[in-house]
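Below are two complexes that have subunit A in common, paired first with subunit B and then with subunit C.
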Partner chain A sequence: MTTAAPLTTTPVSKSETKKLSAAASAKNKLTSPWASLAAVVLAVLWTIPTFGLLISSFRPEMAIKRTGWWTFFSDPEVTLDNYRAVFDDGGINLADFFLNSLVITIPSVVIPLCLASLAAYAFAWMNFPGKNILFIAIFALQIVPLQVTLVPLLQLYVKAGLNNTFWTLWLSHSTFALPLAIYLLHNFIKEVPSSLIEAARIDGAGHVSIFFKVLLPLLTPALAAFGIFQFLWVWNDLLVSLTFAGSPEISPMTVQLSNLSGTRGTAWHLLSAGAFVSIVVPVTVFLLLQRYFVRGLLAGSVKG
Partner chain B sequence: MFTTASTTSDKILQMFAAILLFAAAVGVILFAASRVAGKRDRAVAALYLLPTVLMLGVGLLYPGVRTVYQSFFDASLSNFIGLDNYTKIFTDAEQLTVLRNTAFWVLVTPFAATGIGLLYAILVDKARLESFAKALIFLPMSISFVAASVIWKFMYEYRPDQRNVQQIGLVNQVIVWLGGEPVQLLIESPLNTFLLIVVMIWIQAGFAMTVLAAAIKAIPDDIIEAARLDGVGPWGMFRFVTLPAIRPAVVVVMTTIAIGTLKVFDIVQTMTGGRFDTNVIANEFYSQSFRSNDKGLGSALAVVLFVLVIPIVVYNIRQLRRSEA
Partner chain C sequence: MFVQRGSSRSRVALAGALSVGLVFGLSACGDSDDDTGADTGASAAAIDCSPYTAFGDLKGKTVTIYTGIVTPEDTPHKESYVPFEKCTGVTVKYEGDKAFETQILVRAEAGNPPDIAYVPQPGLLQNLVKTGKAVEAPPEVAANVDKFWGPDWKAYGTVDGKFYAAPLGANVKSLVWYSPKEFADKGYQIPTTLDELKALSDKIVADGGKPWCAGIASGEATGWPVTDWMEDFMLRLSGAEAYDKWVKHEIPFNGPEATQALDGVGAYLKNDQYVNGGLGDIKSIASTTFQDAGLPILEGQCSLHRQASFYAANFPAGTKVAKDGDVYAFYLPGKDATSKPVLGGGEFVLAFSDRPEVKAFQTYLSSDVWANTKAKLSSGWVSANKGLDPANLTNPIDQLSASILQDPNAQFRFDGSDMMPGAVGANSFWKQATAWIIGQDTKTTLDNIEKSWPK
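Our next item is the complex of A and B:
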């Protein structure tokens, strides 16, 4: 290597290329301890807030009020009393609100999925006048903030006598979900090769059997992705529930937790346990269905 | 069936009744479609689109138009007052604070969340335990804003600076450890608004990271290798290779977060209720419409929110067009 002048004009040979890239990656490795350190610092910063509240939810009420949760490690005291307290009848009654959350969420996922599948199929595989304009109009409705609809919707619900029933939430969440659901499912259905549809048609299948026998099995990933997104959206929603379901008989956990934070903002033994009860479901969904979850969340992130 | 359900069995029954009702409606549509099948697409399409068009018309389009109309009326929606509600939003001292805070939110959150998400995506790219490391940052995205607010309210908890009183909020404890005096973090304005913004950044960084990590993975290896052969260092690699390649993804992430931030409600409602000068448009909309019962002003605030979303969406679409061209 002593003869290798810096101004050499000979093309770099293969072995030299290898050396160079090895040198380059060695250089990158030099910076990597710092990169790892930065990544660990960020990860710790991002985890500590949740971790602190999780630890607190298992500490006795008095301990939470008197000392920081970090003292748990020098003086561990563990109790399930806080979780018992939030489920206590006549107290926070979180079990009722948990049920409400479920009752609100399940139809709010199923209804828009059914209706959007029908509409998406019509847009993808049928011809009718005004198709493109209608599709663009529905697509554009995605950007409408929910706030714009809430006051007149409440007036409508009161007029229809649906005020203070689950129907207000089922109908609202289903309606708000339709533009995104139709858009996503349409994109997916459009990708199905038309030869499949043609073959089924030649076999004498009508639109109904094409939809159920050919498309539905292929649609499962898209339905799952949107279903999970919508499930979390509804489960985690506060604004729509607070507007239409203020009364404790039908309001979901988010409303109860938010109220608790406003009225008993220092009752950390209740707030911590309550927060984790409400977190359990979405986190479980996240851990079990991470792949679909990320896909759905990314697709639906503009909603609301 | 259309009443307030109060017992557990009532609730569950009503839930199944609702699902069955819609399933039956779909069944009727499919049955009707099979009757007219073979004739014309037009009739079948009309049937398939009927429930969607009906729901969007009644549940989204009509209320939207109605809100614009109501924004020109007074508190009880009985007297036409022209642009008075809008004048109030842009001149009243309290409303100006709302606008100022909303501006803070929208200017800070997208840049901070995207910056942190991008940094983290680069740091953990191809690292050991990559998916675990990503899950840690992404997890806040899956929980409700309400739960996130409770988590952070606990971080910001304040105890008066007295003997025998220990801080229980980590942030104030760190301040004390560093020799400072504890601060009423959620009451000091304008500090409190930025502390609420931290919660939004904490939630959105995971979203930014996930999208940008996917974009980074999609950069062809030969481009990176070629740059490496040219002796491009880590910073140059980021500046001249990575960043230009993922620019469209960065635009989408920033605009998406900006739109979400503009509509932020849950965090403000749960952490401060909009008090102590932390109010934002979406929360003020809720307070005016449903607490103070000034439905005219509430409607005007909703319209302002809508109008503010539009330029962000337009920018997003134009950038996407440009990157496709």
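Our next item is the complex of A and C:
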């Protein structure tokens, strides 16, 4: 902390070349034909259930209920009835709840990301009394299962008059996400070479400009990685929205998906089509952002 | 808090005004029902409003409903509220949720209950009343229930001597599904006693078929169809009084009556000549979902399937469910032709608020006007409301259910596993029944359930 670092950017470029070479050596080690074969086998095994679900979603009701999806190959029957049914105005129209899911998910990702990156910076590079105890408390909070907080939280929301609004979901998802987010981002920020921060400080930057001008650009992969995690978690969440979204106007797609099969589960043949409608967004997000995802995970592990 | 609001004087006035309105309302709806045949849409909208306007000006008010009834059964529900909404100006907000049974307790305890919940189990009803958030039914509703339902139904909506919840819908579980075509082709007769049912099963075996198909898989609730079988046989072999005592645990779960009942079921479900038509051996009962278990009837691989009236919705679209159709049901006969025990279930309307619009809506739901409106709109729905005209039911299987419920000899009993403590009715009973199907003997099964009964 006290030694002054040279005012050059060499440490950064050096660490970058190191990272590249580490990645290159990892690449060399992993490109053996056997490893490729293993990867292909794993990928196929992993995809089969989803593939079966996709096939099922195009099969007629009676075929789904009486036979397995693999019989599709001996007796191919294709129908769009299932997709028509999940977009049916008479029953559950998943399109109506698509927007709810977006409205719930986006703030539930943005709020914890903003708060956690600020908090992580404070824990990593600022000194204030009680810092360690606070950090341990946050670390320990990850252990608390969210199920035990459901009823007390709902009671608090009712007292505050927030029940049956999106706030219950945004706040719940944010609070449940914060401990892990702070912890992950803290570890990432801590790994930024201290010389970099000190250099900025010598140039006259305060905490605000260090955070926004120096750290935030470096932080992007980590933010993206956690953002994807949180996005998938919130998008696929059923328990939290079931408990806190007290009316159909604010309930997300997952809640309606769970109701899709009907009161006594008689319409379960619709679930495969419903599942595919609901995974469109997460799959798109994942495919678009996956390079950040991999980079974010690597960045935490490969030391520069 | 607002439970205590409103002086007793205004309530008396309200009740007086309402009872006058009620008389008018009922006589008026009698008229309107006569000329409904031609145009159901218009008649559904034209109900007499005086019973509900007696609660005051309700325009612009909202009533929220929370229930486990979801698609597709929710649409006729919502449509059946339209006449009430039109005449009072109240908006009814309907929320269906399959996780209702757990979530309603969470919401009640957290102080975020709906105005009205449709509770499908008397046991859950008692738990909800225990949270202290539920309110008693208004006197108008109690009057309707006295008029249109038997005392057995009212008792199920009563907790600690106070009447909370009026019955809403009902379903009949004592039904056996069959193929009318097959019966006609092979000359089978619909049995009227348990002995005849046995004889029919043997006859089908002699003709080279497997008479029964069954399936009890239902996720975490796997095993429940066996509990229904056993309750039906308990009612038939030992009578309604023994059944009530057994449900309340006044006689042991593993006593001679229960043993006789489960062995009676075993004579069908654990008889490898009888099961499992089109699905496999006896053990396949445990792995077949209850939704799929009756479908082999359509393919002629199975002749008989015992399941509740709601099973009609399970047949694929285009299946004709009627006496002259692809599939139909008959009443699971009693021990002799005169006794008619009926096992069934139903929902109850529990209110968490006593605002006038909520009371008005409760009154509407407990009336014969609503029952008949709902009957015309839905298929696969029936009520034990005596004011319900079976001719208004659109579906033959509903008409059969209504005729069974309204039979003067019928002794209605609520599904026992729904009334037993959760540790038994929603846990050990299901699990032990499943173990019993895959080979555990009757005595061990009943002893294990008896042991699990909370002390």
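We take it that the second predicted complex is superposed on the first by the 212 of 304 C-alpha atoms of A that agree within 3 Å, B and C clash if a C-alpha of one lies under 4 Å from a C-alpha of the other, contacts with A are read in each partner's own complex, and residues count from 1 in each chain.
FYI, a residue touches a chain if its C-beta (ideal position, glycine included) is under 8 Å from a C-beta of that chain, and two chains touch if they have at least 3 such contacts.
A quick note: this is a predicted structure, and the numbers were derived from the prediction, not measured.
A.B. asks: Please work out whether A:E61 is in contact with subunit B alone, subunit C alone, both, or neither, and reply first, second, both or neither.
C.D. replies: It touches subunit C, and subunit B stays clear.
A.B. asks: Once the shared chain is lined up, is A:S258 touching subunit B (first), subunit C (second), both, or neither of them?
C.D. replies: It touches subunit B and subunit C both.
A.B. asks: For A:V158 in the superposed arrangement: first (subunit B), second (subunit C), both or neither?
C.D. replies: In the superposition, A:V158 touches subunit C alone.
A.B. asks: For A:I92, select first, second, both or neither according to whether it touches subunit B, subunit C, the two together, or no partner.
C.D. replies: Second partner only.
A.B. asks: A:L150 contacts which: subunit B (first), subunit C (second), both, neither?
C.D. replies: both
A.B. asks: Should A:S247 be classified as contacting the first partner (subunit B), the second (subunit C), both, or neither?
C.D. replies: In the superposition, A:S247 touches subunit B and subunit C alike.
A.B. asks: Identify the partner contact of A:A267: answer first if only subunit B is touched, second if only subunit C is, both if each is, neither if none is.
C.D. replies: second
A.B. asks: Just to be sure I read the superposition right, which of the two partners does A:W170 touch: subunit B = first, subunit C = second, or both, or neither?
C.D. replies: first
A.B. asks: Is the number of subunit A residues in contact higher for subunit B or for subunit C?
C.D. replies: The partner making contact with more of subunit A's residues is B.
A.B. asks: Look at A:V110 in the shared chain and tell me whether it touches subunit B only, subunit C only, both, or neither; answer first, second, both or neither.
C.D. replies: It touches subunit B, and subunit C stays clear.
A.B. asks: Name the residues of subunit A shared by its contacts with subunit B and its contacts with subunit C.
C.D. replies: Dual-contact residues (subunit A): 65-66, 150-151, 154, 164, 242-243, 247, 258, 261-262, 265, 268.
A.B. asks: Which residues, counting only subunit A, touch subunit C once they are in their complex?
C.D. replies: Those residues of subunit A that touch subunit C are 61-62, 65-66, 90-92, 150-151, 154-155, 157-159, 163-164, 242-243, 246-248, 255, 258-268.
A.B. asks: Of all residues in subunit A, which touch subunit B in the complex?
C.D. replies: 17, 20-21, 24, 27-28, 31, 35-36, 38-39, 42-43, 46-50, 52-53, 56, 64-70, 96, 99-100, 103, 106-107, 110-111, 114-116, 118-119, 121-122, 126-129, 131, 134, 138, 141, 143-154, 156, 161-162, 164-167, 170-172, 174-176, 178-179, 182, 206-208, 232, 235-239, 242-243, 247, 249-250, 254, 257-258, 261-262, 265, 268, 271-272, 274-275, 278-279, 282-283, 285-286, 290, 293-294, 297-298, 301-302, 304
A.B. asks: What part of subunit B is in contact with subunit A in the complex they form?
C.D. replies: 2-6, 8, 11-12, 14-15, 18-19, 22-23, 26, 29-30, 33-34, 37-38, 41-42, 44-46, 48-49, 51-53, 55-56, 58-64, 66-67, 70, 116, 119-120, 123-124, 127, 133, 135-147, 149-155, 157, 166-170, 173, 202, 205, 207, 210-211, 225, 228-229, 231, 233-234, 256, 259-260, 262-263, 265-266, 269-271, 273, 282, 285-286, 289-290, 295, 298-299, 301-303, 305-306, 309-310, 313
A.B. asks: Under the stated contact criterion, what part of subunit C meets subunit A in this complex?
C.D. replies: 64, 68-73, 75, 93-99, 103, 106-107, 109-112, 218, 289, 291-292, 295, 310, 313-314, 316-317
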